[in-house]
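Below: the structure, in structure tokens.
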Amino acid sequence: MDKLIIGGKELKNRLFIGSGKFADESLIGDIVAQTGVEVVTVALRRVNLNGGKENILNYIPKDCVLLPNTSGARNAEEAVRIARLARAAGCGNWVKIEVISDNKYLLPDNNETIKATRILAEEGFVVLPYMHPDLYAAKELERAGAAAIMPLGAPIGTNRGLKTKEIVRILIEECELPVIVDAGIGKPSEAAEAMELGAAAVLVNTAIATAGNPAMMANAFSQAVQAGRQAFLAQPGETTEFARASSPLTGFLRS
Amino acid sequence: MDKLIIGGKELKNRLFIGSGKFADESLIGDIVAQTGVEVVTVALRRVNLNGGKENILNYIPKDCVLLPNTSGARNAEEAVRIARLARAAGCGNWVKIEVISDNKYLLPDNNETIKATRILAEEGFVVLPYMHPDLYAAKELERAGAAAIMPLGAPIGTNRGLKTKEIVRILIEECELPVIVDAGIGKPSEAAEAMELGAAAVLVNTAIATAGNPAMMANAFSQAVQAGRQAFLAQPGETTEFARASSPLTGFLRS
Amino acid sequence: MDKLIIGGKELKNRLFIGSGKFADESLIGDIVAQTGVEVVTVALRRVNLNGGKENILNYIPKDCVLLPNTSGARNAEEAVRIARLARAAGCGNWVKIEVISDNKYLLPDNNETIKATRILAEEGFVVLPYMHPDLYAAKELERAGAAAIMPLGAPIGTNRGLKTKEIVRILIEECELPVIVDAGIGKPSEAAEAMELGAAAVLVNTAIATAGNPAMMANAFSQAVQAGRQAFLAQPGETTEFARASSPLTGFLRS
Amino acid sequence: MDKLIIGGKELKNRLFIGSGKFADESLIGDIVAQTGVEVVTVALRRVNLNGGKENILNYIPKDCVLLPNTSGARNAEEAVRIARLARAAGCGNWVKIEVISDNKYLLPDNNETIKATRILAEEGFVVLPYMHPDLYAAKELERAGAAAIMPLGAPIGTNRGLKTKEIVRILIEECELPVIVDAGIGKPSEAAEAMELGAAAVLVNTAIATAGNPAMMANAFSQAVQAGRQAFLAQPGETTEFARASSPLTGFLRS
């Protein structure tokens, strides 16, 4: 059996989703029900910590792994504070670290991310750091105790696809940790491409939330992720330069 | 409901497969059973017309649409003869026309293909012509009575992917007939990409037959084709140059 | 010496330019003077056949090869008429055949183009047909007496680049005639890419005429075309998957 | 005039070359003479510091800027030592920092590179750090006193091209320092592509040294770099989806 284990939890579904940007957040529950998505990330700053009525958490099914993220954090310290708040508020001990101080492309700061990872892993969190694809940073995150690494495919929310393929391919090859491609994936074919390279999972938010029909798009991503995973396991044949006939060419008509 | 109707037959599965190059042809039945593939193409020259024991047809489930192809034909006349032989031998009235006289890249000859299509459509065949992607040829095939058009993604058997995307995109936009991408598709992500463009179906042979695990790869393609179709219907959001935060950036920590 | 001979004329410069879309047509002379461009195409319908004062021909230096084109022709017959008019008007005996009846993508009609080529080659024209990249059409144009073939890189005027690379590569490999990539090339890097594949020349119009500084852009294209040609001749080294150090790695510091 | 100034020196030629991997090192002088290349990098470990007869430095023309590099260094300290040795040996005060501890892809270690840059800039070196493309590292190198930044296009020596385009584009947009694309560029078209994005220069070694004709390939790169630079300055027109006729379509034949 093909299992993905993160933080001791066995996951069957390799599509993770984000909860931002939905015009109608009640769709999240439907999507989870239909696709079997098991991990949903939510920005802690969108959580009403006072437990009021209006709360994004109400829309996330209880049997999902809640993956609070530290979006809004500009350095390790802020990320650490947000993670602790999340745990204290009952959001569990998983955390996706996002440390960003670039307002235009929202690229992650690897060094601050490593610092936060080290502290939070030490405190028992299951830490999934969002990162800029870089081999040294990936190795450092491994040493810091990350449970997986989450390199970006393209800047957040751009739907541009797996533009960092050259380096993501190397991370998958060289790292022990599961590699989860996060950010930038705009179409199911691109999610499948990441999985065919050997990614462990893909996280998608914008491409689902901003589709004309988000629930249908979520299904599409879920299937594409499975398709890509199976293709990886099934060992694709090689690519050739010249054509190869599907059947022998010695024509029976000519005899 | 999202239906594909070809030759009056309603198809639910948009992955068509080829039967060539399998190391073990008994896999074909398993693949059809698992994936729900409904159309299987077979080179008539591989069919034992004497009905002997060794026969590729024995491996193709009876409830599939059999799509005999004219591979080996070098001109319209040969293709027409093969199609008639196929029908006479009980292979039904569907035919995939392949007319090829290029031995290196096995590229199809559009003009001979158009001629054969005209004759066979007239004779009541459901004609699916394999073609080089070209808008005028596509229009001519429509006029000739084709039931769908099958432009190549890359030369047969190369697993190179949807290299003709620029023109296939135009065919989909400008033609009334279903566009089925045939040849060259090497990975499920590429099949999904074709479907996201609006292709009606994808035909895959080499990429499945030469995978380490052909049955698993067939499943992967089947899911990817469904994923791509759903993505097309779900109306993807736009691609942007700059990042867009998944959640508002005004940080709660700063307050 | 690396010579390109077309219609008996030896050309030194492998950049051909078009004369349409210039905001200021007097730039054409400057561009030719600076770059050494030797072939300029002009739509005959833009030529004032009454020899009036306002005439695009006035802007094309006399020592250039004038390449009248049949743009506006919707079938072979119209193309033939335009070509004859051009020759009668003193535009010489070169002609670029364009036969287009698709108003959206302006894709060329290969069959009508082949017909016109056959007639005009017979009449002594040096015929350069604009074509949709297709191996059979290319071979037929060879037999019809074309002096070169001009496959498109992308639809006219789109600046989209060498999107038909997969097939253009095959045309270059399989055809005897010079292959001149025409239409769609938007940037010098794309012109260089075509030349690196082995194209004999590149024709550029929109990308030069619509640049902020057309004369500078023409220079850029001229250099890129030369660069690509030299790279082709210099036999590029192979592409590898893994890194190879530029110098041996046994570190002198470690001794 | 379009000037590139690095370390107070005005450069006219935006192609930098490396001196490794040449089968015949005497070619380096010919290349410099023909192309006008002004900056040549050499691994200090290949320099015979005892001034013996066999010395790579003998092959580098005196009027070039010598850019010793620290290849072989595995951390900042080693890079600093090599740089100091180079200066002491009379190699001038420019240095290209390479800090690499990944033996398979030879990817640079950004953090160690930043450390070395800070120390050497402080000591008066003109520091050009080879880096993994990452916005935060680029900004840090700016603060550390780098004279330019040198992000990789693909792993060293692979000839794979500008695979990191998505991020290099952002570095060019967001950084004050000149961005010099270094490593992985395999063909002149790829060098032109980097320059069209706005890169300040390109460094090429393997693609020149391993070509069948290195001197001709160097010329090709030199021209391509100029072409790309001019294209960048000339402001390319936009890319469109649909075709735009090069000349108005209202046919004169129809009147």
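As written, the chains take the letters A, B, C and D, and residue 1 is the first residue of each chain.
Note that a residue touches a chain if its C-beta (ideal position, glycine included) is under 8 Å from a C-beta of that chain, and two chains touch if they have at least 3 such contacts.
For reference, the UniProt names are A, B, C, D = Thiazole synthase.
Keep in mind that what you see is a predicted model, and the values were worked out from it rather than measured.
Q: Using the contact definition given at the top, which chains are in touch with both subunit A and subunit B?
A: Expected: no chain.
Q: Do subunit A and subunit D, two copies of one chain sequence, contact each other through the same residue numbers, with over half in common, or through different ones?
A: Same, since over half the interface numbering is common to both chains.
Q: Report the chain whose CA-based centre is farthest from the CA-based centre of subunit B.
A: D
Q: So what's the Cα centroid distance for subunit C and subunit D, whole Å?
A: About 32 Å, centre to centre.
Q: Taking the mean of the C-alpha atoms as each chain's centre, how many Å separate subunit A from subunit C?
A: From the centre of subunit A to the centre of subunit C is 46 Å.
Q: Between subunit A and subunit D, what is the separation of their C-alpha centroids in Å?
A: 34
Q: Would you please write down the residue numbers of subunit C that are in contact with two or more other chains?
A: 104-105, 107, 155, 160 - these are the residues of subunit C that touch more than one other chain.
Q: Provide the residue numbers of subunit C that touch subunit D in the complex, in ascending order.
A: Contact set of subunit C toward subunit D: 18, 20-21, 43-46, 71-74, 78, 81-82, 103-107, 155-160, 186-190, 192-193, 196, 205-207, 209-214, 216-217, 219-224, 226-231, 233-253.
Q: Given the complex with subunit B, which residues does subunit C contribute to the contact?
A: Touch residues, subunit C against subunit B: 102, 104-105, 107, 109-111, 132, 134-137, 154-155, 160, 163-167, 170, 174.
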